[in-house]
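A, B, C and D are the chain letters, set down in written order, and residue numbers restart from 1 in every chain.
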Amino acid sequence: MTTPPDIIRAAYAELIVTDLAAARWFYVDVLGLVVTAEEPEALYLRAFEEYTHHSLVLRAGPTPALARLAYRVRGPEQLTVAERYFAGIGVETRRVAAGTTRGIGEAVRVHDPLGFPVEFFYETTHTERFTQHYHRQPGNAISRLDHFNVMVPDVRAAYDYYTGLGFGVSETIEDSDSLYATWLFRKPTVHDIAITGGDGPRLHHIAFASHERHQILHTCDVLGALRAEHHIERGPGRHGVSNAFYLYLRDPDGHRIEIYTSDYYTGDPDNPTVRWDVTDNRRRSFWGHEVVPSWYNEASEVLNLDGGPVPISSPPVHEASAATIGADGFGVAGTGENRQGFKLGHQA
Amino acid sequence: MTTPPDIIRAAYAELIVTDLAAARWFYVDVLGLVVTAEEPEALYLRAFEEYTHHSLVLRAGPTPALARLAYRVRGPEQLTVAERYFAGIGVETRRVAAGTTRGIGEAVRVHDPLGFPVEFFYETTHTERFTQHYHRQPGNAISRLDHFNVMVPDVRAAYDYYTGLGFGVSETIEDSDSLYATWLFRKPTVHDIAITGGDGPRLHHIAFASHERHQILHTCDVLGALRAEHHIERGPGRHGVSNAFYLYLRDPDGHRIEIYTSDYYTGDPDNPTVRWDVTDNRRRSFWGHEVVPSWYNEASEVLNLDGGPVPISSPPVHEASAATIGADGFGVAGTGENRQGFKLGHQA
Amino acid sequence: MTTPPDIIRAAYAELIVTDLAAARWFYVDVLGLVVTAEEPEALYLRAFEEYTHHSLVLRAGPTPALARLAYRVRGPEQLTVAERYFAGIGVETRRVAAGTTRGIGEAVRVHDPLGFPVEFFYETTHTERFTQHYHRQPGNAISRLDHFNVMVPDVRAAYDYYTGLGFGVSETIEDSDSLYATWLFRKPTVHDIAITGGDGPRLHHIAFASHERHQILHTCDVLGALRAEHHIERGPGRHGVSNAFYLYLRDPDGHRIEIYTSDYYTGDPDNPTVRWDVTDNRRRSFWGHEVVPSWYNEASEVLNLDGGPVPISSPPVHEASAATIGADGFGVAGTGENRQGFKLGHQA
Amino acid sequence: MTTPPDIIRAAYAELIVTDLAAARWFYVDVLGLVVTAEEPEALYLRAFEEYTHHSLVLRAGPTPALARLAYRVRGPEQLTVAERYFAGIGVETRRVAAGTTRGIGEAVRVHDPLGFPVEFFYETTHTERFTQHYHRQPGNAISRLDHFNVMVPDVRAAYDYYTGLGFGVSETIEDSDSLYATWLFRKPTVHDIAITGGDGPRLHHIAFASHERHQILHTCDVLGALRAEHHIERGPGRHGVSNAFYLYLRDPDGHRIEIYTSDYYTGDPDNPTVRWDVTDNRRRSFWGHEVVPSWYNEASEVLNLDGGPVPISSPPVHEASAATIGADGFGVAGTGENRQGFKLGHQA
């Protein structure tokens, strides 16, 4: 087997949005992301501690979708490594010229085996890091992109693909039969990519990190103040998995954004994998809050490298588990007779 | 009309608990309240900034109930003022000797017109204020009792009774026809007593104040760590009414406890009353979170002054509003066909 | 003795500033106070939870000074009560027409026995309370004015004057011979007015309250980001007295502003007075930090009711204590031979 | 030049303390570190998110000293790589058997060219990670060891040594002539090791990380409550360098401990080095606070691999800079005539 490219971290995502002005309101006015560059049909955004050109591209388009996930690699020579690696596993690659995405150098793109459009790049335009520009930072300042979360029908296959790419495994949700979800990392945090079981390939969410929890709470308060509280989908709360404090938002196109803080260091080679039993109702919310069904069921469609929609498949039905273990068991989340309230431990 | 007693503030509550050891675990080990005195059948607890003997009495008994709400008055002479006032409104009073409740001096008790057992007292044993005993304070330290919240079938009658007693009105939930809930105060915070419509008389909750939100979040984390997260009923979140950050817990007997922080000063005589429309879904959660049905439907029974149960009445049914305005409209909270999910603005 | 006016709380201060644009930068751009009204020569500011017209007036003038401290009283009839009270203690009063200060109704002014220009008023224009306007609130949002702190040569006389006016005493710094400083209140917090010994009458500082400590830390970060960190004079830290978390700033004219959070409730009539020994080096900083000499020595001059400067007197020298107990003993703070470093318990 | 060992991170330090009970009080009772193992003459401590056996060893001895700094390497084979590397640069190594330090496997030790006793190891006993044991965590919970800071007379030589070992450079304090201090890392934070100029080799401090600032503030409050506030040496405050929020404590033997939070990600290969001018008085305190002289002048002596004291050398005197740039210019910190107060920009 050939050597995979040396990936540093999740680096940026490009989302198709149907109303760029509405998206600007959400990401810039509400979340406070910094505008690196602005075009009539696209916005290039970064968080306050990022010096690479952008961590989020918003591009106007006819239907909401994920256009691209991008990982940064350790050097320009890794593009060739990536080409060889994907050739070795039978995946076609495309090398694109510098500037194909504004601010990004030469890159290699693949339609990965899970169905996602993924880019690998090293060169990027540097911008000013606003870490200490506190006079520019709102009460809900975001520091940096943290991770992607994708939804796929076959979690095990995704796990194999990403561990093959050299990702470490920090946590899982599983039982004796199945792997329901998994968290994998290159930078020494809990994850650069999370894999959630469900209809896919779809993008579940993109997560940004803040330093402290009060910054996340402030986003909720701002949305309430603006009578835009319906953008809050789930949380704030404490994850069991990752131990992070979280908030899930939906942008005006329905793309899901997580604001995330206080996970833990995973950089030692023997970092223990935390395995959550799928019946532990603290796995998704350490405080036992039931997960809102939309969080399990809804996600963003993805485009192939030519901009066309990627067809979605469903996972196999696990009859035995559907009634008891909720959406992590690929069952139906909280509908019909099994739905008996939404708090206090009914999940497990 | 005679002068009402000069009430300072909500001062203590006495709860009947069926398992004193379990209650001790919850209030002392988890919430960190300070034990002022302990008897085989009772615990006298206070928070870290309180110097009066206790703000909570837990007494062992056969069924969970509220035994007494107590208000502190401005001086010993106010006991006589209280006696005259209640005589004037046709309510029988009982004067009890100092020490009838440990740590409390002579007091006047009434079974109030709303059906609650209420005590007025001034004298109390002083204890050491642990404000700066930071070495004793856990990460979720509680500062002081803040308020009581009672549930009654006739909110307007309760409003009239409490404004007659000299309480100011900080906020309401109402529409053009009805008063659904109201918040009233003597000390210059949002409330000493909140009135919620529903089957009553019942005790909805007792609320304690902390200084900062991270202290409230820590209670959730501790409960998760102990696999006791089912004690979390609602929140944490931001109230629309009061603007406070809240968390609702249920103790081992089902008594509801709120941890509360960051409401606002109401001490000027012209403090504006905030009137929330019952269809504004930010009234109960400024972040638009749907309220868990148990929070609307469940509450603690109350005892009369002789320790017997007080019968419970239901509010009149408001046919028109039941389907649209949720439990604040005295309707059925989120059951049957009207229940279509639990987030994103379905309430109004 | 006649009845004093029923004072509610410290309500506003008017400061003379020499450069209104620079003051606007400091109070509006950096501290985030809300502009209620703006005139060529004056700014009327309030904090986010205030609905009265202003809590701070900045007025352009030739030299920095305090023009007025104002207390709100319980009703319009209290103006007459105030006139009688001051007549009874031989202090001349002036009744000024509504609008003499923009936003303030009819008022009574005195040049008080301590040498300060003080106003009592009830009527004031209401403005919108921005408590829940989180979209307008920066990371260092201020909630409300909390207190004034004045410097006088005779602390005992000031104590007597203010207790005569009906203020309660929350804390003191004293020894067996002397009263070095004292904190007095009308609203049930630690203080509306603090009295510090030293050359006076001078204004030591005006304090605003925030809800949480991170908001205070953010002000420091913003000032560092703007290379304006020299406006930070002392702190952030924890007071021994009051237990509050504090930060002292100097505005562009040298007026001192405190940002303050998390003191405690004092509203019960038997609230215990905390008496700090002047040799306890935790009294001013609970963490033992030495107090910067400027904080003890510098303060704002005050104007009389006609706008002229009020002469300043020095306290008597306490020879015995000067070397050991620092500026609270009216000695010289940390100069000459007695100055041996600035941390680690050299004070006492 | 041979390949250096693949170092993961700063892993543990061993300190000699003269009173193990006093040290236990400080590190366990006050700071809340977890005891992994306890012997009559030694304590093995870890922080709440660490699963390796310990990050701090306290060992009883006759005089306070640093006995060992230890770095973890990527695998057992790196011990041989380390031996070859140090042989290549003429530094003698000692391989010690597993268990030579309790909980640590086979290791390679050197007396490094800077004069410090340093160990490289991979194998270590795993312990339970208490990340989510919130019921055990005090309000000032510490997450993990973050970095070491050493003091050496020749910063440039230390810089060369550590970059030779493969460390990245995140920040420096410099001017056109000199390098005054530098921060270097292996894990992608600002540092695993900081180099400060001054008499050396000495240990300046060991730093532990917490998640949020309120946890650091709580340590100050606890020390004040215990009348042990003299253990606070400097801070809390915001560093210019690293942007972290800091607090410096001195343990009962005078060893300096930093509690540290919220620095930034440095893991991309082109992470920009931040170069602070030595005259920027925000470099050490972003809020412009003058640094207490003891922080510049005092540090812990170090032992050689045989337990004997390592002689201390002074840096060359920089005549021109001593008066103006403070201790970072190797001059005298704030004594004599150059010392004119301790706040408000006198440094530069």
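The rule we apply is simple: a contact is a pair of C-beta atoms (placed from the backbone, for glycine too) under 8 Å apart; a residue touches a chain by one contact, two chains touch by 3 or more.
None of the values given here were measured: they were computed from a predicted structure.
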Duplicate of the A-D contact set - from A-C, B-C or A-B, the pair where over half of the pairs recur: B-C
Of B-D and C-D, pair with higher C-beta contact tally: C-D
Most widely separated chain from subunit A, with each centre as the mean of CA atoms: C
Gap in Å, rounded to a whole number, between the CA centres of subunit C and subunit B: 35
Inter-chain centre distance, subunit B versus subunit D - centres from mean C-alpha coordinates, in Å: 50
Rounded Å distance, subunit C centre to subunit D centre (Cα mean): 42
Subunit A: positions in contact with at least two other chains: 132, 212-214, 221, 224, 240, 286
Residues of subunit B touching subunit D in the complex: 132-139, 141, 212, 214, 218, 221-222, 224-226
In the complex with subunit D, residue positions of subunit A that touch it: 8-9, 49, 51-52, 72, 74-75, 126, 129, 131-132, 143-144, 187-188, 211-213, 240, 243, 262, 264-265, 267-272, 286
For the subunit B and subunit A complex, residues of the former touching the latter: 213-214, 217, 220-221, 223-224, 227, 229-230, 232-234, 236-238, 240, 245, 281-282, 286-289, 292-294, 341-345
